[in-house]
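Here it is, the structure, as structure tokens.
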Amino acid sequence: MSFRVRGRRVRKWFFGDSARAFGTLGVLLLALLAIVPAKDRFREWLGYQKEYEILIRGRTDGVALAKRFQSGVQQIWLPERDVTDRCMTCHTRLKETSLAGVGQPFRPHPPIPHSLTEFGCTICHRGQGVATTVEEAHRSTKAWEEPILPAQYSEAGCGQCHRDGLKGTPQLNAGRVLLARYGCVNCHRLVSPEGGASQGTDRPPSLKRIAEKTTREWIYFWIKDPQAWAATATMPNFGLSDADARDVSAFVISQSSPGSIAPAVATNDAGAAAGAELYGESFCASCHAMQNAAGKITGGDLAPDLTRVGSKVRPEWLAAWVKNPAAYLPGTMMPHFRFDEKQIGLLVSYLGRKQDSYFPANIRLEPATAAQIAHGQKLVLEKGCAACHEMNGVARPDNFAPDLTAVGSLPPARVLLAPGVPRTLPDYLAAKIREPHAFGREMKMPRNQFTDAQVEQLVTALLAQTSRSQTFPAALRRPTPVNVTYQPAGRAGQLMKDLRCLSCHSINGTGGSMAPDLTWEGSSVQRAWLLDFLKNPNTLRPVLIRRMPRFNLSNDDASTLADYIMTAYQTPAFDREEVDATKLTPTEASRGKSLFYGKYACNSCHIVDPDNDKGYIGPTLTQAGTRLNAPWIFHWLKNAQALRPGSLELNWNMNDEDAWAITAFLMQQKNTRKPGGER
Amino acid sequence: MNSLYSRLRGTAVWRSVFRSGTGDTNLHRSLTVQQNIFLHLASVKIRRRALEFGVTWYLGTLSMASFVILVVTGVLLMLYYHPSVPQAYADMKDLQFVVSAGVFLRNLHRWAAHAMVVLVFAHMFKVFYRGAYRPPREFNWVVGVMLLLLTLFLSYTGYLLPWDQLAFWAITVGSNIISAVPAMGAKIRFLMLGGHTVNANALLRFYVLHCVILPLIAAVFLAVHFWRIRKDGGLYTGDKPRE
Amino acid sequence: MPDQTPHVERACPGCNRRRFTTAGVGSLAIAGIGSAVFGYEFLSPNALYEPSPIVDAGKPERYPPGSVTPDAQSGLYVVHGPEGIYALSAVCTHLGCVTAWRPELDMVACPCHGSKFHIDGVKIEGPAPRPLPWLKAWLNDEGNLMIDRSEALTRKQYVRVQA
Amino acid sequence: MRLRFVAALIALLAIAGCHRPGAPAAIAAIAYGNAIVMVSGDHQAAPAGATLEQPLVVQVNDADGNGLAGARVEFRGSGGASFYPATGLTGSDGQLAVKVQLGSMAGRNSLLAMSRDKTGGRFDLNGAATALGYQQVLGRELAEQHCARCHDSRSTAERVSNHDNLGVTPHSLDDGLATNSLGTADLVAIIAHGGAAIGRSPEMPPYSPTLSVSEIDALAAWIRIVAVPAYGKP
Amino acid sequence: MVDCIRGTSPVSEPKDFRASFDSDSQRTPVRVAFVTRRTTPHVTKAGDDRVMTNPDALLRVAVAVMALLIVLVVVSLLFDAPLEGLANPLQTPNPAKAPWYFLGLQELLHYFPPVVAGVVIPSLVVLALVVIPYFNVNVEAEGFWNRNGERKSILVWVAVAALSAFLVWFSVYAVLVPTLVSGGALIVTAAAPPQDKGFGGWLRSKPLPFWIMTWFLVVAITLTVIGTCFRGAGWSWVWPWGEL
């Protein structure tokens, strides 16, 4: 029987007439409809729950685990937070710490400060909470473009609410610092939900008088590759060609206001050695770095690297700058040292010899033509130089670069991808930071030389900028501490501004973090000591390389400053004059001494007896009796954190007797010998 | 089994519902048609030629079948659907991920809707090419055109309900075409959407149109359509009118 | 009398046409019954949008000794009696009205039909058939008082807290 | 027509398939050493999923113990650790540095470097890295702030160590020999109430009012996870 | 009522009126014959051009419905209904497309101003559909080329040429091509011999409405397919299989 004939017979048997077709199709339909519930019976999550049941069956604590296990779709529903998370349907026991060694999806969640049922999963981890299949829940699909956040960026989840520098999120915090420090926020807007855009912290210099300061050749060399000049440079690399750099330098010089600088000071080699000494004595290295003979860069990173400063700046500008920096750059962080003409000459002699032989030998620029200047101006506008630098005739551009406020919610479908970059948001951001020009030569975003770790930090900080983070209720948000702009008043205030105290010290929440907080300094110290210190600062911590410089203050200035600090910076918690003499008896002091060396082992960190004590984490206390006030010591011992939050000093929670005894002991320390310094 | 069935048919309750038998005799067969509310729009007898597949391709029947499928699945889907923003979208996700057979019903509804549009169009063209619109069926042709429009409106209003990107932009594009109507286009669009953009009001309006108003109108037109088939001489078979 | 009406379907003489029809009708019937069974599953939601029956009532320190704290939203009272803290359902056992704590009367009163209860749930008067149930309460790992509204206690149990 | 289209499509796919760059050519060893040693990068800790700050540097030695250039080293990791590149040849100094990305779950990742000698025999080098969870990251930050000045003997310009100035020399915090013998309760007690609390040096001050309970737990969790040898399972 | 009488045939002789009933009322519905002078109750042919609705028609309908259901269930089991991201008014997908059955219109919008493509054309189409049965030309169903071939041929040439010129003017090639094809077919069939039994003859027997509807159908399908498959970002032409 041929195949065709048999086929016809079969067809006839099944579909021969409408009754047969009816019966056949009826059975077929029934079979197909049966697939529908069968499909439900084999849902993916059921498989995981079954797997979990098998897993706990083999364990000794299986009975207890089984009792706590809930089958079926599990859900955290938080309507007010727009959370519907069914992750626990497969991740069955997130709180079962005894299953710590088990792999996913049954691994318990590591301890975090938040309750899982209070926030759900997707607020931090992203992904699709409502999904009950692996693919849909974790990966990017057509309906959902927010895949699970990769583990290395998990701190971005915290950053959505926490803008206050959470201690457990170093990567996020570092990323935010980088965003502000490397000028990212000068072009890109990053608005916080409380309002107010992030401000840069790198303070790019004004270029309005740049011709006084440096040469066109140096500008040319610098803008081609700032990091080639100084590894610590925060200015990014714009990838300019030689001709472009030539033209930009031409324009930058051409827009500079006419110079008003005094003629050059005399320099000499002998002065250079003395200048080096003065450089050290003035603690310039607290802020400025320099390459030493061994080729190692030492010094602070608050201010520019001075290794080759002689090739960079004009000597007459340097002299004027050292004399009073604010005259050239009113917003500078550099204090006004009261150097005399001789000292200025020494410093200029020293720094002027810090030169790079390569530079003058190799960089030669012909005088600029008008066309070059015009092209340079065009480039300056294109690259947005004025977003960071003040310039004559170029306004600061608004909305120069894309707003990054909600960049963490950017759907991957909407980002432009360079070849070879995986289609995920973190990869896109990392690629963009690492090599912006890979997305097209014409891209105006410049490149910074970030390390892999820094790129990870930056991406983390950017991923925290979700659209969700903008809509969280205020009760959940931990905003950036409000940037108070405290400015001391009056003549002392002028003086403090001139000395740039707030570059290093902070007062009332404003200022730098390099030196101690001075908010309650008036309660802490005695005026005589303070006056002496201002005129001739010595260090309290002998091992520090960063120290308070000597500003060569006049007696008048110093006492104005001391008076102001003593009156304005007093804590309301106690009165520094209120001393109960009965508590400061010699017997108490000797008891205090034994407590100091015994029970509390203060000598681990502080030096009282410079010959025997060695701990030098805390300030030296050899002259505590002349420096500090007794009530301050007492309260400090009780709870130092309340007086200076973030201080290294522990909160001892000491009882009053012990605290007074140690206070008595310390008030006896009136050693006049200048400690340390020679280390 | 058989005796149980016949005893069941003998009960007073059964007989009160189904007055006639199921078809042992032609009388009973006729009575089932006549006495059934769903079948009584059809005649008791039908031209043999009208049953041939090539004549109608059963396109009208299949259009009606898709309509019934859509009503059944649609009513079930309504049980899990809130016509509000953005809950509507979340409901789609729920259907997909947690409702038993939810995604199947949604698929069935969606594909049946597409099928119905295709079938109704095909039905219209088939009727046209067969010349079945000729008198005395001219009014039924007009009813059919109305049903075609209703089908399109039903499908279009249903398109918005998932409240996803596809839905939102399809309706935005579609409703902008309407605003091209001279003089009152913008007003019509405003009335249709209940606002100037596709928003929560539009969703609710489309929901009510899709689930209540348009199906009711369609049901009325369908009834007329079927009734007119019978009144206009049964299904058009293309037979030459008898001399 | 035999049926002599000509049928269209004569192509299959003596065939078991009836069996096929029965098969079709039977399949449809099974499909119908199956759909009914499955309709039950479809109609039972697998995920509920309801507040959890387990309520986090916060730190037990919030409830000073001798206090009765009504939580109308959760429908319960947190009572700190001499023996410890317990949670009492505020839902009247009569017809489900939410009762009110009347400190001046020192009793729980139902506004609907006048049932009155002692603060330990025992009925004083009114149509309520049963005393107000005690709800399961415990302290969780973070030290918060948790109350399960879905679980009534059969015996009195207190959550003891250090004063 | 359709057939032709399908044929064209298949041909196109075939062409595309042929042009696709194949798997990277296997790196073949140029030289064969006898031993592999760790140069640097062992026992680092980083947040889960992150890239280790320092690369893992290994050196392949010849029979005389000198670095051998051109030896093939293959890396494998447990716990989700991955290496870039995963296979490479040693440089002129006999060393090979690879980036290590940790697994996405907190815990210890073992790092294995493998090379072969002339006869094809395998010799290995075992290393480890630690992936930190939130708690441990917090612990590390706290340790850096509060503990490292005394417990870390390394001095930097920013943070001068007080390690050598103390009466009793503090243990390094990753010193598993010292910390693993302590129960977690004791560990927490020392941090919270000072060394004196369990009869150790009073120079270890009590941190209980300064740090919260969860912060002390975080510190303990960090100390546990960075212990060398590892805490817990032998 | 004449229609109710089955199997009657005209006879020459008028007879008296007589009514007759089938004897077995259980077996068949009551059959009433109105016998006039011009008819006779004599049944010349078995009345088998009609069948019982139940079960013959019902069974066939059930089979058809089940077949549809099976197809839909299979499709539903295999392919999930599309669902994209949550509606976001700030993020316009490119291209933003209407449902497929409106894509023909959307394609027209690409060529004509919105008033024409979005309002005038659809209204005209609906109107044209409605009025079809009320025009004699539609009802008569006379082959287009049956009469006045010469004159009509000129008319067709002119109509197609005018329409094509209009379409070329607006560069609506998506409509022009189907227009030329159907217009060409119409002109070519004029040449088919009237007595041809094949395809040519069949086409030749078709009336004008057939041609117009076919033209409309082809245009509608072409536009819809183009709008659905061949339009990408910015409504630019793309190949559904990607760049070759």
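Observations on the model:
All chains are identified by letter, namely A, B, C, D and E, in their written order; residue positions are counted from 1 within each chain.
Throughout what follows, contacts are C-beta pairs under 8 Å (C-beta built on N, C-alpha and C of every residue); 3 or more make two chains touch, one makes a residue touch a chain.
This is a predicted model, so every value here is computed, not measured.
For the pairs A-E and A-D, the count of C-beta pairs in contact is higher at A-D.
When chain centres are defined as mean Cα coordinates, E lies farthest from chain A. Comparing the centres of all chains, each the average of its CA atoms, the largest separation from chain C belongs to E. Among the chains present, the centre nearest to the common Cα mean is that of A.
Each chain gets one centre point, the mean of its Cα atoms, and the points for chain A and chain E are 72 Å apart. In this assembly, the C-alpha centroid of chain A lies 25 Å from the C-alpha centroid of chain D. A separation of 74 Å divides the Cα centre of chain D from that of chain E. Mean C-alpha position of chain A lies 52 Å from that of chain C. Taken residue by residue, chain C touches two or more other chains at 3, 5, 8-9, 21, 24, 38, 41, 46-47, whereas all remaining positions touch fewer.
Among the residues of chain B, those in touch with two or more other chains are 25-26, 48, 51, 94, 98, 100-101, 104, 164.
Annotation for chain E: residues 26-28, 48, 51-52, 55-56, 59-60, 62, 69, 73, 77, 82-85, 91 touch two or more other chains. Across the complex, chain A meets chain D through its residues 104, 107, 110-113, 150-155, 167-171, 298, 452-453, 456, 543-545, 598-601, 604-605, 614-617, 639, 641, 648, 650-653.
Residues of chain E that touch chain B in their complex: 3, 25-29, 48-58, 60-61, 64-65, 68-69, 71-73, 75-77, 79-89, 91-93, 96-102, 105-106, 109, 113-115, 117-119, 126, 129-130, 132-134, 138-139, 141, 209-210, 213, 217.
Note for the complex: chain A touches chain C at residues 12, 16-20, 22-27, 29-30, 33-34, 36-37, 40, 72-73, 75, 77, 79, 86, 115, 117.
Considering their complex, residues 90, 93-94, 97-98, 100-101, 104, 164 of chain B touch chain A. Here chain A touches chain B in the complex through residues 36-37, 39-40, 73, 84, 86, 128, 130-133, 136, 143, going by the rule given at the top.
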